[in-house]
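First chain A sits with chain B, and in the next complex the same chain sits with chain C.
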Partner chain A sequence: MAAPMDLNIPHCDENLLKEKLCMSHQLGYEVVAINYYDPELLIPKKQKKKDDAHQVKSPDKILPSKEVLQSITKGSRKPFKVLSRVSTILTEETQAHKLISEEVQQFDLIAVQPTSEKTFLQACQTLNVDIITIDVTEKFNMKMRRQTISPALERGVYFELQYSPSIRDSTYRQYLIANAQKLMFWCKGKNVILTSGCEKAMELRGPYDVANLGLLFDLNENQAKDTVMKNCQAVLSHSEGRKDYTKSTIKVEKVKELSKTDMWIVDKSDALQNCEEFDLENNAVSDLHQFDSSDNDDEEEDHDSDAVESEPKKIKLMTT
Partner chain B sequence: MVRYKCRYVLCKVIHDDRKKSFDESDIYFAVRNEVEALHGDYGVSSMKKTPSLSVKYTDKESGIVLLKCQRGLHKLLQSSLPFIKKIKGVPAFLQTIHVGGTIRSCLKFLITYHKSRLSSLLKQCTTKEEKEKVKVAILKCCQDTTQMVMTVQ
Partner chain C sequence: MKRVVPTGKLIFERTSFLNENEKHLQCILTHSFNSSIGVFLPEHDCVPRILGDMMDDQMSYYVEQVPLNLLTETDFIKGFVQAGSLCMISYGTCIDSDDCVAVTPEGMLVMSLCKDTYQRCGLDGHLSKAGKNIEKFVVKVDLKSDKFYPGTKYYDRVQWCLSQMANFDFLVTWIPNDGKVCPSSIQNFFKTKSIQCNRLKVNKTNHEFKNFNIPIIDPAVIETDSEQKSCNYDEVFEWLGACAVGIDDYEGDDYLSTYSCPTPNKQASYCIYTQYEGIIHPSIVKQYINYLRQFMKDKKLPWSSVTVHGFVDSPLSWIYDHGFHNNGDNIYTFLMFPNDEYWLYRAIGGQDICP
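== the complex of A and B ==
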């Protein structure tokens, strides 16, 4: 069974945040993302009144210190991971370029809440984000079509529904159920995650209870469970692909920064490298020549691309 | 004779002040009101069928509650459980731990659940006396399991 996750805990002052994290650990969540919500993140600086006052906080400032984390996880062996997440409102198409900037990309997860049909389409098709938030505090006015949503399903972008506003108020509950059922109709229960978005610690719910909420949204039991566990894992791997990987298959990391669990890769790759060096001296040079001569009928550009492609293969060998 | 099939939902009450304890009736009405708010008259009236919605067991010290309802209707019950935010006027909620078909299986699970929590309790202890108590409890449940293994072999 995958680990239960809650990918939206709003950032607030220290004591309240600690309370929330404590509660989420007590309820059995293993991965938690602290959300830094800034509705004016994408508005260009010229239009703002105060130029200097407004700056994006770095993820280090949002995450709690190590001592706080230790005091929370004290006395249990369960792993508890805290991630950082930034979320904004997307009102115009032209604002989206700021999402690529480095200060935004530092965050582990990036979420966007589109307000119009055009921005929704843009978020589904082109934007380099992990999560598309669907507002549960008002009626969902946009027209959904299969064509707008299917690129998001293919790219691995996930739709987020927050449940804690619906616990606060019964009208929000109506909106949540209506919006969720509308979404489920078009994406057939795939690519949906349920998160809390809680303001108080008492608005959190246990992972099984959240999965049961899925039963109200026309999901079957497996799909409902996936919204808290498997799909969240997919979001994390998508964000990792956006952040660390070049061309999303190869990851370059320094040996010193590797975690202990991954050290076996280094040992194996050393052994493999020795073998490969030996092979290269004997065979590889002659092989390359043969390979080139067979492809010579094609254009010369092909030769270049082959040379580039051979590199990743070597790295793959090393890591396997 | 036809057996009435039931579902038992094992829950844990989580609330702020630990001194307060809840009766069976408090929890029953909290759950019933929430079912009524979410599923309306249909929900409440179908919960009144013979294996009706009831609270079978409460543990005041650990805050464990056992709810019973008809099999098939447990989806109505489970979907309305997360929306409970107050019990007897105190902000509290129910966390589902286990869903089972018999009371016996639920209590079996409850024993393993309590045992698994002992090790984390040991680290939270501050005074020596508390530590001794928890240690004795851990030793005892270890002996129980070894006895179980011996008898099986």
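== the complex of A and C ==
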């Protein structure tokens, strides 16, 4: 299982954000994502007025600085990771192309909120996103079918439900429970995550309380816990696959930038290279470079041992 | 109808200390990782000081960043695991989301590992039995085994596998078999390995109750009948829990709480509840319970109770796997009577196995 996570903390001014992060750290979350919500992200520029030139903020501007993070964790050894996330509303099918652009893809997580049946189908089937948001502030009118949802389940795209709006308003509470039960009926409790979407720090709840809320949505105990833990971990693996891996299988990194836990790969490939000097026909190295990562749980990472060789490849990856 | 998982289980026993099977010893000694001990004495105004002294005499330490292969080194096994009774539990790790490691007084290294770590570590284990579909694996290594010494294949493998794993913070307490050896030598051992090792302070909480209603309990009657001469066993347990959190003046105010003392009850002029928190060795619990039995007879108290809380995140509750679902309860309470009878309550989490 994985650590408790909250993948939706809306971006806001610095002090409030710090307060929220502090609160989430105290409640025991180990990974949080700061959400940059832009409903007009996908609307083409021509339709907008010229004076509000629309620019997507880069993830660096959204994430808090290192000093702020340090002041939050205060030297506790529990890891606290902050990710960036962008979310938007998808109203028309033709607008989706903007999601592929680099300024959007550089975010750690991408979420869309489809508003019609057609866009919902599109989001489930083809869009390169991590999260599909189910709106909890109005009644879910779309007709869901098993066929619509199953591609999303297969591709590892997750459905998000926010609980903070229902703390603010009792009518939203009705919608949340109604929408959630509808969703659970079709996806059978799989591929669902619960996030906060809090406007104030007071609206955050501890991971076990949130999991307990999951019991109201017809989930069983394990599934309810997964909505804040294991499923969120799967979302992160999916986003990693989208961002860093070519075809979700191969990753190229510099040896110097490798984390300590992955250094064994270098040792292995060094050993193989030494073998190669004696045995010229050995093609073990090329075997090493291709992993079949059909299993979503353990993302295999492959690294080139040769730093000089890896550099051009990395640039190539960035441009695609 | 959906099957509802219970949030907790309560096991109740009624026997006597004089029973030759000595089940109470088994219960105390196999419950290795105790985080707190609480004593409730009715009609008495102070808890005997000996408990505090015992807690202060016991040396417990907080050790930072211990590499796991240190635990299987021969120095450590011969010097501490075999020469005494060692309790060690990883600190700051959650049983449901992290890896947890513990060493029991019987010399068993128990690791409750996540799927990723388990697959990477390369040691043999089994799926945790605490709950269904949880991806936790339990690996057990018997440190006291005859076949566990350097040179054997198994030892070398364990040693190598543990050296690949991350470091852990530990809470440690050790009681040597030989009375001449100082328990603090374990601190020196860690210090010579240049590992930070600090003495753990014991927290004490006191609740005093004056003119307080206490239930009348008859050891022979566990369930209330129509005559109502004695309280029901589950009501008593609930009431003890309320006292442990320091409930005061609860009767007569219906607005805040409708809770009241179970009937029949009587008024006692003084009651006291004292709780110590830290890592508590099971043999201290045993000593204390024996002492309290005598104390109770001397002072002619109607009954007394000792509650021991296990660590919420310990990998074992008694000898079975432990998990954390809604709660990680593993608690036991001895409700003792002057005629050597006792009631034993054991509360565990909903999906744990009954001991």
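Just so we're on the same page, the second predicted complex is superposed on the first by the 274 of 320 C-alpha atoms of A that agree within 3 Å, B and C clash if a C-alpha of one lies under 4 Å from a C-alpha of the other, contacts with A are read in each partner's own complex, and residues count from 1 in each chain.
Definition applied: a contact is a pair of C-beta atoms (placed from the backbone, for glycine too) under 8 Å apart; a residue touches a chain by one contact, two chains touch by 3 or more.
Since the structure is predicted, the reported quantities are computational estimates derived from the model, not experimental observations.
In the superposition on chain A, see if there is space for chain B and chain C together, and answer fit or clash.
clash
Looking at the overlay, does A:I193 come into contact with chain B only (first), chain C only (second), both, or neither?
neither
Is A:R173 contacted by the first partner chain B, the second partner chain C, both or neither?
Only chain B is touched by A:R173; chain C is not.
Is A:Y163 in contact with chain B, with chain C, with both, or with neither (first, second, both, neither)?
A:Y163 contacts chain B only, not chain C.
Applying the touch criterion given at the start, work out whether A:L27 contacts chain B, chain C, both or neither, answering first, second, both or neither.
After superposition on chain A, A:L27 lies in contact with chain B alone.
Is A:N222 in contact with chain B, with chain C, with both, or with neither (first, second, both, neither)?
In the superposition, A:N222 contacts chain C only.
So, A:L127: does it touch chain B (first), chain C (second), both, or neither?
Neither partner.
Could you say whether A:L7 touches chain B, chain C, both of them, or neither, answering first, second, both or neither?
Neither partner.
Regarding the shared-chain residue A:V210, is it in contact with chain B (first), chain C (second), both, or neither?
In the superposed model, A:V210 contacts chain B only, not chain C.
Does chain A have more residues touched by chain B or by chain C?
Of the two chains, more chain A residues are contacted by B.
What stretch of chain C clashes with chain B when the complexes are fitted on chain A: 21-29, 57-65, 111-119 or 291-299?
The stretch that clashes with chain B is 57-65.
Output the chain A positions appearing in both contact lists, the one against chain B and the one against chain C.
Touching chain B and chain C on chain A: residues 77, 208, 212.
What residues of chain A sit close enough to touch chain C in their complex?
That would be residues 1-4, 77-78, 208, 212, 218, 220-222, 225, 229-230, 297-298 of chain A.
What residues of chain B sit close enough to touch chain A in their complex?
So the residues of chain B in touch with chain A come to 14, 16, 37-38, 75, 78-79, 81-83, 85, 91-97, 119-124.
Which residues of chain A touch chain B in the complex?
Touch list, chain A to chain B: 23, 26-27, 74-77, 163, 166-167, 170, 173, 202-203, 205-206, 208-210, 212-213, 215-216.
Name, in rising order, each residue of chain C that touches chain A in their complex.
The contact residues of chain C facing chain A are 2, 5, 92, 96-98, 114-116, 119, 131-136, 169, 325-326, 351.
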